[in-house]
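Input: structures, listed below.
Look at the two complexes coming up: subunit A is in both, with subunit B in one and subunit C in the other.
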Partner chain A sequence: MEALALIQAYTGIGIGLIIGLGAAGACIGIGIMCASFLEGAARQPEMIPALQGKVFLLLGLIDASFIIGVGLAMMFAFANPLLSVVAQ
Partner chain B sequence: MATEHAGNVQQALTPSGYIEHHLAFNAQSLGEGAFWTLHVDTFVMSVALGLIVMGLVWLVARKATSGVPTKGQAFVELVFGFIDDQVKNIFHGNRHAFIAPTALTVFLWVLVLNSMDFLPVDWVAGIVAFFGGHHATWRAVPTSDINTTFALALAVWLLMLFFSIKVKGLFGWIHELFAAPFGTPKLFVPKSVMGFIGLIASPLLFLANFAFNLIEYISKPLSHALRLFGNMYAGEVIFLLLGMWAASGVAWILPSAILGAGWSIFHILIVALQAFIFMMLTVVYLAMAHESH
Partner chain C sequence: MTTPETTQSDAQMYRNMLRWQMMATVVVIVAAVLISGIPAGISALLGGAAVILGAWFAAKIAVRAKAKADPTAVLLNMLKAEAVKILIIAVLLFAVFKLYQSLVPFALIAGLAAAALFSGAALAKVQTPV
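After this line comes the complex of A and B, so read on.
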């Protein structure tokens, strides 16, 4: 029982770290990119259509590692593979 | 992942039980061991949707005219032109031979597979329970199964190897494995060794080059597959969490319905964006295979 509680406690901390740090990193990255996009768009409005597609592509690329982290964290939250050691 | 492979998950009426039920595959064992497990839901959904979307495009293409187009033809032409423009910017060769058609196929297929996320999760479970009984499970979104995304990414990876060898030749490709990206530094060789004064390509960086290429070849399909899978899986889990929240008390039905609607709207963007990114990466990888250093 103690092992179960320990695993759950540490998994909880891990889930928080995965989502929190991932979100922080992704937000900083997207913030920098969008700021540069707005700056570029203000300087050269005729470049907006050409840049917009790339912005969306990069948005997905930057977001991806965070989303992968969220997916893994969700797996640990609802179907923790580490708990199978205790379940037997 | 152990619970995902279990055909019948225990049906406890708890939050984890609800999520596990919705995340369980309709797995059928075809032989010994976990390897020979077929996810019937993933397989049926992806093949059926692929046939439907390709069939629709084919039907429109068969009746295409150069005169006044129908609405269907205009729409297909729009998608076609969009993909063609994207490929044109990345790949500078005869794109209509293989890469542009591949991009169109990948984009449309992944798009319809991702779009299954818009089906309300409990409708799918309800329909399946109506036909297959209480214990039946069915995952409607094939791209939230890691097997689907890895199958797609590995197919692209094999095409990458194929085009690398086809364009550069087998020896050209092997040479590039060892000689790119850091190059082979030229070494000054004194007259006493070679018999003449000269510079030869040294094998000093062979190992570093090869290690770099190896990491690139491994990380490409990994990130390609996991990006799509992670997005779709996380999206589905968030829908499930909202559904669970709604079921936890009468007072939460309205707030979770509003949040669910919000997430659905945001998810339209993610679904299209991830299909687009998957297509773009496919094109970029195949274009990179065509370039020699």
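After this line comes the complex of A and C, so read on.
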């Protein structure tokens, strides 16, 4: 029983770290990219339409790690594989 | 500032992105079915579908406001699209984990990761120089 509670507690901390650090990394990456986009748009406004699509694709790429992190966090929250060790 | 050609090119870019995501998901589904059976394949399909659906909605939002010339408005629109995408993916994943009883979590993560990572593959097909 105590082992179960311990695993759940540490899993909760892990889920928080996965989501939090993933979100922080994605936000830093998006911030850098958006700053570069604004700088580029200020220098060459005629390039804005050409850059929009690329910005969107790169946003998706930067967010991919966070989305994978969310999926992993949900796996640990709803179908924790570590708990099966205690159940056996 | 936005010409019809660039709008069409961007829409094509988004279609390319969705096509790459679908191909990656199909490859993962086939691998999951071969390795672990039908439930694993369905799990991979659900993982990939969550990302593809989110990306499709985000692309719709991104294309809708193409006429804006102000870079700040463009950026805000992109961030709005991205927020909608993440919200849709989170809700769909939550529903899958809650409702699908014979879920194979690792297959779902594989499908999700493949679809998410291959969203950037459409950059390889970009014709216009930056």
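The rule we apply is simple: the second predicted complex is superposed on the first by the 88 of 88 C-alpha atoms of A that agree within 3 Å, B and C clash if a C-alpha of one lies under 4 Å from a C-alpha of the other, contacts with A are read in each partner's own complex, and residues count from 1 in each chain.
Definition applied: contacts are C-beta pairs under 8 Å (C-beta built on N, C-alpha and C of every residue); 3 or more make two chains touch, one makes a residue touch a chain.
Just so it is clear, the structure is predicted and the values come from calculations on it, not from any experiment.
In the overlay built on the shared chain, the residue A:V55 is in contact with subunit C alone; subunit B does not reach it. When the two complexes are overlaid on their common chain A, residue A:I68 makes contact with subunit B and with subunit C alike. More residues of subunit A lie in contact with C than with the other chain of the pair subunit B and subunit C. Contacts of A:C34 after superposition: subunit C is touched, whereas subunit B is not reached.
In the superposed pair of complexes, A:A79 makes contact with subunit B and with subunit C alike.
Once chain A of one complex is fitted onto chain A of the other, the partner contacts of A:A42 are limited to subunit C, with no touch recorded for subunit B.
When the two structures are aligned on the shared chain, A:M1 is found in touch with neither subunit B nor subunit C. In the superposition on chain A, the residues of subunit A contacted by subunit B and by subunit C overlap at 53, 56-57, 59-61, 63-64, 67-68, 70-72, 74-75, 78-79, 81.
Across the complex, subunit C is touched by residues 30, 34, 37-38, 41-42, 45-61, 63-64, 66-68, 70-72, 74-75, 77-79, 81 of subunit A.
Remark: subunit A residues 53, 56-57, 59-61, 63-64, 67-72, 74-75, 78-79, 81, 84 touch subunit B in the complex.
Within the complex formed with subunit A, the subunit B residues making contact are 1-4, 16, 19-20, 23, 86, 223, 226-227, 229-231, 233-234, 237, 273-274, 276-277, 280.
For subunit C in complex with subunit A, the residues that touch the partner chain are 1-3, 6-7, 9-10, 13-14, 17, 47, 51, 55, 58-59, 62, 66, 69, 71-72, 74-75, 78-79, 81-82, 85-86, 89-90, 93-94, 97-98, 103, 105, 108-109, 112-113, 116-117, 119-120, 122-123, 126, 128, 130.
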